[in-house]
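You will see chain A twice below: alongside chain B first, and alongside chain C after that.
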Partner chain A sequence: MSTASLAKSDYETPNRSWYKRNEISVTPWLFLAPAILFFAAYVIIPIFQSFEISLFAWDGLGAREYIGTENYVELWDDPAFYTSLKNNVIWLILYLLAIPAGLFIALFLNQTVMGIRLYKSLFFFPFVISQVVVGLVFTWFYDPTFGLLNTIIGWVGLGPINVLGDPTYVTYGIIAAGLWPQTAYCMILYLTGLNAVDPEQIEAARLDGAKGWRMLWYVIVPQLKPATFIAFVVTIVGALRSFDLISVMTNGGPFGESRVLSFYMFEVALSEYGFRMGYGAAIAVVLFFIMLFFIAYFLYSMYQDERGR
Partner chain B sequence: MRSILKASAMALVTSAALATGAFAADKLSGDMKIFLDTSNPAPRATFEGIIAQFDEMHPDLNIETTIIDRDGYKTQIRNFLTANPPDVATWYAGNRMLPYVKTGLFEDVSDLWQGELAEQLASTKTALTIDGKQWGVPYTYYQWGMYYRKDIFDKLGLSEPKTWDEEKANCQKIIDSGAKCYTIGTKFLWTAAGWFDYLNLRTNGYEFHMALTAGEVSWTDDRVKKTMANWRELIDMGAFIDDHTAYSWQEAIPFLVDGKAAAYLMGNFAVDPIKAAGLTDDQLDFYQFPLITEGIPMAEEAPTDTLHIPSGAQNKEAARAFLQFVATPEVQTSMNASLGQLPVNNQASVNTDDKFVQQGFEMLNGASALAQFFDRDAPAEMAKVGMEGFQEFMVRPDNLDQILQRLEKTRERVYK
Partner chain C sequence: MFPTPIQKSPRSWQITYQSFLPVALIMWLLPLLAVALFSVKPEGDFSGGNYWSLPSSFGGFENYGRVFFESDMPRYLLNSLLITVPTAIGAVALSCMAGFALGIYKFKLNLWVFFLFVAGNFVPFQILMVPVRDLTLDMGLYNTKTGLVLFHIAFQSGFCTLFMRNFIKGLPFALIEAARVEGIAEWRIFIYIVLPLMKPAIAALSVLIFTFIWNDYFWAIVLTQGVESQPVTAGITSFNAQFRAAYHLMSAGAIVAALPPVAMFFLMQKHFIAGLTLGAVK
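== the complex of A and B ==
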């Protein structure tokens, strides 16, 4: 081995490893690998598993039986499914009220007076406490015998209204409870957004004679677009995830009138009397496509923003 | 050889237990895991007591008890039976155990239902039998019936009704006095099923009720409609408290305590919370659900709570010994005295100081047959849709035809 004794020259091509040679292109993948792995295992693969299970009759314990699209056929004329779907739509629409409500509270709180930090945190408080607690508080608030709501409307000679026991009011009652923390969430998003509003533009608008609503609509709101977008996303997602409040406040009742798709899915597949994994998976698939519609829209608009820059 | 030894050890153990209530012969060792749904204070203490007693008799046995919230247990049982089975688990008799029996998750314990013990537990044998085999051992049951305000009845000059007409006449007088006849909280649905069960048992009898919950009769049958018509008479009178859909069964108790309602159709487990809410034995009394159709024998509801061995249990020998121990008259007597319920073993004695237990014991002894409860007699899915329908009927009785058609559609799918 004569070469072994040769001194290493600086000009010699170093014997670089494969990793060293490909470092730039490989490293991002290495960092992404854990996330990709878990996202695949806990999100992507289960989606396809849901598709598969929805084609079976299965109680979750014994053998499964392939029944093709029968679950979907049954879903097609299941009145409980349409009630849930209708409630989902009501949730989606009314939950969006959290965005303007959050904006107005944010505008109201966006000033410098003594103790404003305390007021802000008080307004943010409902978002901090658990949804279960919100549900319980509103259940008591609505209680037909001792609830605050019926005491108040009793003063003007109305009521009592059994909000959570009456099929006509129940969904609205739960949405009102859900709006409480959701408004707080949108408020905090807008408060941060308002910090970024350019004072020079406001000054310029003022010189041009804009004030009040025109100022808000043409000068402030356009500058809050990123905050509005995020508020919109979290509110839509929040509306579609509306499970805990329903579970705590009514358990889907009375006679299933306050169910939404996610709750109905839980009820048929996983609850005390639910043993129909296939049917539950079929509902999940429908819910997935509804969500996919929104997700696709969000991704598209985010993509447009990126390109626009 | 091993099984002979085991059997004789078992026989020895049983006879020793029967004779003295104490185990002398004792070969049990290893670990035993027990999962219980007895999360309420009294049942919890009861089980802890008897487990300590069993532990003392088997010093080599290491018992590990897990108590799970009663409602949480109902959904968790699926997971732990398949993934991490204990050696002993509580559950309910009737069709409620069918999903676990069908999928082989419960162990066949027919061998325990032999000889003397079988005779002593005979009253619940059918409720624990599926496919001719027994799948568990009962530890308690309790009666259902009308818990009523005796002081209100006395004030209005009413007596315990024996027939449907008397029941309705009483109710009319209570309504005229400005109160409601019955409190109920249907938020969690099953309370309405108690009414349906009793009305159907009294209108059409036990055989029909069982055929209906077993899916053999159509829900649009005229006999079902007759039951519902009887129910409707009470609804139209305004017999039930308003807004019952907003309350749980516990939240319905204050109406009885405040005198806004005069009676509560419930299981005997309600006595404890009612008394805790302030009623005394002088104010609260019990009567049997009255006769509706002449000539139909009086069957009663008596939900039975049971112990089972999961088929994946590690220490089945100890589990069997524990089930046998719980079934003995001595243990059943002491357990049910502290539970405030009825022992299943006919050699056990009831607590005669408790007038509700005493009355329930007499009523069930005279019963022509015992039903479990709607959600234990009917399969899970039928029970859910059915109870939802009953709740809707109590609020919107005009929807009856629609409701029954929905139940019928479910029946056609569930029982095929």
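== the complex of A and C ==
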């Protein structure tokens, strides 16, 4: 025993505590603990709980009844589910228009003239406003009796169209409202990206005779790749999170034609139409897997980036 | 057009550009300008059917006065503030620590933990809705501001950690090594060396989280109901029910509800944009 303690005192003074000896390996976990705890309780664990709940019939209050995959079987034959899914696809595709639109506005505003900073801020304005207010603003904009849209197309002898009351137009009308703040967001990403474009490369390309579209596509857009990636991520996430606008503008109507999965889930699980938590959870699981496909891609891209450092 | 600087283009194009700018801006903000116009029109204009004429008299004081003194709007605004500020403080505090751990230390699970935060940040809200509502009910926090704040802190810590970790990775590591050689304790390194360098990131995140949370609607209607705890995004629905078809008041209400994040943006513009675009440009 005495030899052992002697050996120890050779490399360490006895008053160094366990914490002191393991400081470098323990500290990160101490610092991570609160965030991980919160994140696990409110985000990670609930994902798995939702998977579980989707296998039950449950009204949120009484006893749960295990019904296996019945919720998913019902979903398979639910026309409202397919309407929502179809609308989700339309949202995803059309929402991506925010990226070229944002780039276009950014190119337009990327000049140095008097007051351009204020112009840039004001163009960015719609993104700062809550989606609820954007929804209200566009509901009035589309209003068939006094809305600005119908007033304007009335001048050229068209209309009136009740955009939000017509099953064929309603989803497009809401997406247009959503594109407004989203385009502003993409614009600001590109404006920042354009600041970092290398002027020497542009000069070199100009000497080589590149101009117009070719200059844009082959010289400028490749240099904006990081901005495009972020714009893509936030636009996809935004499209799949579309809930506020639908809830405020149409509440899913007319005849449920403007529902998307996120809204339909809420309607099934937590609205006057019922408290079917199990069925709602099943819809959420489907939505989760659609998102997971994109999350995997985002993480893969980030991983490549990390390794490149 | 870009990349040709406007100063080098012909005089005629310069004039066209300069005069087109305000036109483009008005077109871009047209729906909003319409609401702003509505909010200062007196009631008589609407009953007379003069929706789009200039206001026959300035009704702004009366309209906004009624929003503030005859509705629950001030209460909703206060609720929003009491939800937003603690969330911003909490989420930023948690993520400063988590970002420090992930940005400075090399350990086996580092990238896994980091990706867990990133992935969680992207999940659809609906997959969390039922369990989070349950958890909040079980803790007795349903329909309280605290319940909403706790969830927001947890969820936002995903994005904030991503942000903070990348920021800390960009700091010179030599500083930390030097401190370690001096024998300074790790937690002191965090407080006295890293934290002061994180000020710009903290400012950017706080402004961003303030805006995100102020504008949240989904969780507000899932976790709260009624005037005692609902934030303004959810409250505006009841406000509109109270003033149904009174467009001048609903417009004024919408503008009041939208204003705080807008003010925040204009006051803290530099931080705001730095926050939004971090990572887009190094």
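Methods note: the second predicted complex is superposed on the first by the 294 of 309 C-alpha atoms of A that agree within 3 Å, B and C clash if a C-alpha of one lies under 4 Å from a C-alpha of the other, contacts with A are read in each partner's own complex, and residues count from 1 in each chain.
In this section, contacts are C-beta pairs under 8 Å (C-beta built on N, C-alpha and C of every residue); 3 or more make two chains touch, one makes a residue touch a chain.
Remember, predicted model here, so these are calculated numbers, not experimental data.
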| item | value |
| --- | --- |
| Contact breadth on chain A, by residue count: chain C or chain B | C |
| Touching partner for A:Y119 - first (chain B), second (chain C), both, neither | second |
| Chain B versus chain C as contact partner of A:N251, first or second or both or neither | first |
| Chain B versus chain C as contact partner of A:P160, first or second or both or neither | first |
| First, second, both or neither for A:G274, with chain B first and chain C second | first |
| Partner chain in contact with A:W29 - chain B first, chain C second, else both or neither | second |
| Touching partner for A:P144 - first (chain B), second (chain C), both, neither | first |
| Chain B versus chain C as contact partner of A:D59, first or second or both or neither | first |
| Shared chain A contacts, counted only where both chain B and chain C touch the same residue | 60, 270 |
| Of all residues in chain B, those that touch chain A in their complex | 71, 74-75, 78, 81-82, 99-100, 102-103, 105, 186-189, 242-246, 375, 380-381, 383-384, 388-389, 391-392, 395, 406, 413 |
| Chain A residues touching chain C - in the complex, by the definition given at the top | 23-25, 27-29, 31-32, 34-36, 38-39, 41-47, 49-50, 53, 60, 107-108, 110-113, 119, 121-126, 128-133, 136-138, 140-141, 146, 148, 151, 180, 185, 188-189, 192-197, 202, 215, 220, 226-227, 229-230, 233, 237, 240-241, 243-244, 247-248, 261-262, 265-266, 269-270, 277, 280-281, 283-285, 287-288, 291, 294-295, 298-299, 302-303, 306 |
| Residues on chain C engaged by chain A in the complex (per definition of touch) | 1-3, 5-7, 17-18, 21, 24-25, 28-32, 34-35, 38, 51-52, 94-95, 97-98, 100-102, 104-105, 107, 110-111, 113, 115-120, 122-135, 150-151, 153-155, 157-158, 161, 185-187, 190, 211, 214-215, 217-218, 221-222, 233, 236-237, 240, 247, 250-251, 254, 257-258, 261-262, 264-266, 269, 273, 276-277, 279-282 |
| Chain B-facing residues of chain A, complex | 59-62, 74, 79, 142-145, 160, 162, 164-167, 250-251, 253-256, 267, 270-276 |
